[in-house]
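Chains: A, B and C, in written order; residue numbering restarts at 1 for each.
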Amino acid sequence: MNAITLIWTLVAKDLKIEWRSRQALLTTVFFALLILVVFNFAFDPGSPATREAAPGILWVALLFPGIIQVNRSFQIEMEEGTLYGLILSPVDRGILFLGKFLANWLFLMVVDLVVLFLFLIFYNFSLSLQVLWIALLVVLSGFGFAAVGTLFGAMVSNIRTREVLLPILLFPIILPIILPAVNATQEVLLFQEIQSLNRSVGFLVCFDVIYVAAGFLLFDYVVSD
Amino acid sequence: MPPQSVPLLRLSKLTKKFGAIRAVWNVDLEISRGDVLAIFGPNGAGKTTLLRVIASLTQPTSGKMAFAFKGHNQRRDGVGYVSHLSLLYNELTGIENLLFYARLYQIKDAQQRAGEMLTEMGLEEARNQPTGEYSRGMKQRLTLARALLHEPQLLLLDEPYTGLDQHGSRLFTEVLRGLKQEGRTILLVTHNLGEGLELCNRVIIQNRGEVVFQAPREHVDPSGFERLYFQAVEEGGRRR
Amino acid sequence: MDWLLIPLYLLMVAALYGALLYAPTESEMGEVQRIFYFHMGAAWNAFLAFFGVFLGGFLYLFTRKQSWDRLAASCAEIGVVFTTIVLLSGSVWARPIWNTWLAWGDPRVMTTMVLWLIYVAYFLLRSSLPEGEMKYKYCAVFGIIGFLDVPIVWVSIRWWRTIHPVVITSSGAQLEPEMIHALIVSVIAMTVLGVTLVMLRMAMRLNNSMAEELVQELVERA
């Protein structure tokens, strides 16, 4: 049985669990929706100034479900000590990382794309094909976020202050995603321009590669005692 | 005296510290194949840490561990571990849990093996029930099944009787007795002096990280054991 | 490290002299520009210390020798102090000249800010873990990830924020030779200061560790 099958076993397990405890996923989506509404109240969607700030609002709104998901994915493993079950097995820890990371990324995509859809509606942006570019940005940035998030999520899983510590650790590291993401979103939504996306996409891909590799290599240190 | 053979597990001056705190301290121990070793000791004695080190859940700070597994490549393949945490996913059914672990251990015919173990533990009927709905006793039996899937040569049990009622304890002991008869090597940490003594062929008492008492089962009088236990724990404390 | 103390003292005196008296007053900015001599030194040390955090963590993961973790933790302490100095001195300097406390849009300012956040996060992580291998490993991992992040942050700001005209140009007009002398002395002095402090803190940590072991021994004997 090779690595791919093992990874699939791990991802399938998480998918099954998530599907059976559906309300967790729904709660996260609902929370993201609430964030958007809060922003709606805080910044008047009608005003032109808000329209310019809207891309920023989108990406801030996407951070929160991300944190929640990454935290939760290891809470499941702490409940009955199943994380130990994984560590005890002969599976390479890098593979364990990839399994968790991909599962996290998948859930993140589900939630994020719902948020994106709602955002476009709330802020009155047309649902044209251009939007696919933004979806691409969400997908790419999701990889980087999920990679670092999975690594840190495992780290804080047995710390009491994990709820507040995880964002403190995670946010400074994923800050560099925000700039190209917001900028590119601006170009697409406000100026209908996609030339400059090359740079953003390239940057995000590099970010993803670096951190997925880092996560793969460092996961062992974070789960073994 | 059986012919000299390489012990399945040999610990030499094994120490595990957390910062300055000595959880396991200078433990010398030899486990032969087929041994059933009962490990007693007060809370905080380091029994759980000892087992975790042997299971390679945690690295020792110093000292040596030598395993003589037959055939297995990795240490993790040769050890089965049961703790009071069930290591089961509450949302998955009994068979799904076993199947998951069977696949993780890359067992051939995972489906078949998982089904077999389930039946062996008498959990056929609860096969398609989420383990979250299992009783404590059922969970412990399934946990044991999970630990045995890959046919480990060394089975580690950390306080498996926790939360089990009389009936559950009896059932569990029966299962363990069966395993003992199969010739499995078992390390059993328990507070349950009665069940522990019944099953084991060797006894150790651990206190404050150190092994303060070690003897074969024949040399221990069950009726006086409780007194001996308290004596050993106090003395061990005073000895240093 | 006592042998360092005398050269350190001399260097610091020289640096102060250089910055405050020896170097000429800058034509455009006036006296406040003198902060620059210490601002640069602090900035250099802030990043050097972060390299120390990375190195200590990385080598700890490799060797499991606690002394590397002591290096990492001590560098983090000194580093966060220097980073705070950079941010504060930079603000004090910027306000009268460019009429803003923090120059958002300047990659150096923003990167230093992120560096500060990573340092603080590092400490919060350290303080929420009990002493032991787990703590040192986790902090090493975070240190490595953080170290990878800093250049990435820099690039992202450079590419996507510095579209607007940069508010602060580097250090000001031409540097007269005396200024360069003062700057060099100052940077060297502050580096020696940083190194001395790190070594001091490492020694303190080692003593702490040994004391704890002794206490544990006594407790066990009791």
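One rule holds for everything that comes next: a residue touches a chain if its C-beta (ideal position, glycine included) is under 8 Å from a C-beta of that chain, and two chains touch if they have at least 3 such contacts.
It should be emphasised that the depicted structure is a prediction, and the values quoted were computed from it without experimental measurement.
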Pair exhibiting more inter-chain C-beta contacts, B-C or A-B: A-B
Most distant chain from subunit B by Cα centroid: C
Chain at the geometric heart of the assembly (C-alpha centres): A
Averaged-CA centre spacing for the pair subunit C and subunit A, given as whole angstrom: 31
Centre-to-centre distance between subunit C and subunit B (centres being mean Cα positions), rounded to whole Å: 49
Separation of mean Cα positions, subunit B and subunit A [Å, integer]: 39
Overlap residues in subunit A, where contacts from two or more other chains coincide: 225
Contacts with two or more other chains, residues of subunit C listed in rising order: 133
Junction residues of subunit B - those touching two or more other chains: 59
Subunit B-touching residues of subunit C, taken from the complex the two chains share: 130-133, 209, 212-213, 215-216, 220-221
Interface residues, subunit B side, partner subunit C - complex: 17-22, 59, 61, 208, 240
In the complex with subunit A, residue positions of subunit C that touch it: 61, 114, 117-118, 120-121, 124-125, 128-129, 133-134, 137-138, 140-142, 144-146, 148-149, 152-153, 155-157, 159-161
Subunit C contact footprint on subunit A (complex, rising order): 148, 151-152, 155, 159-161, 165, 168-169, 171-173, 175-177, 179-180, 183, 199, 203, 207, 210-211, 214, 218, 221-222, 225
Contact set on subunit A toward subunit B in their complex: 1, 5-6, 9-10, 13, 16-17, 20-21, 76, 79-82, 84-91, 224-225
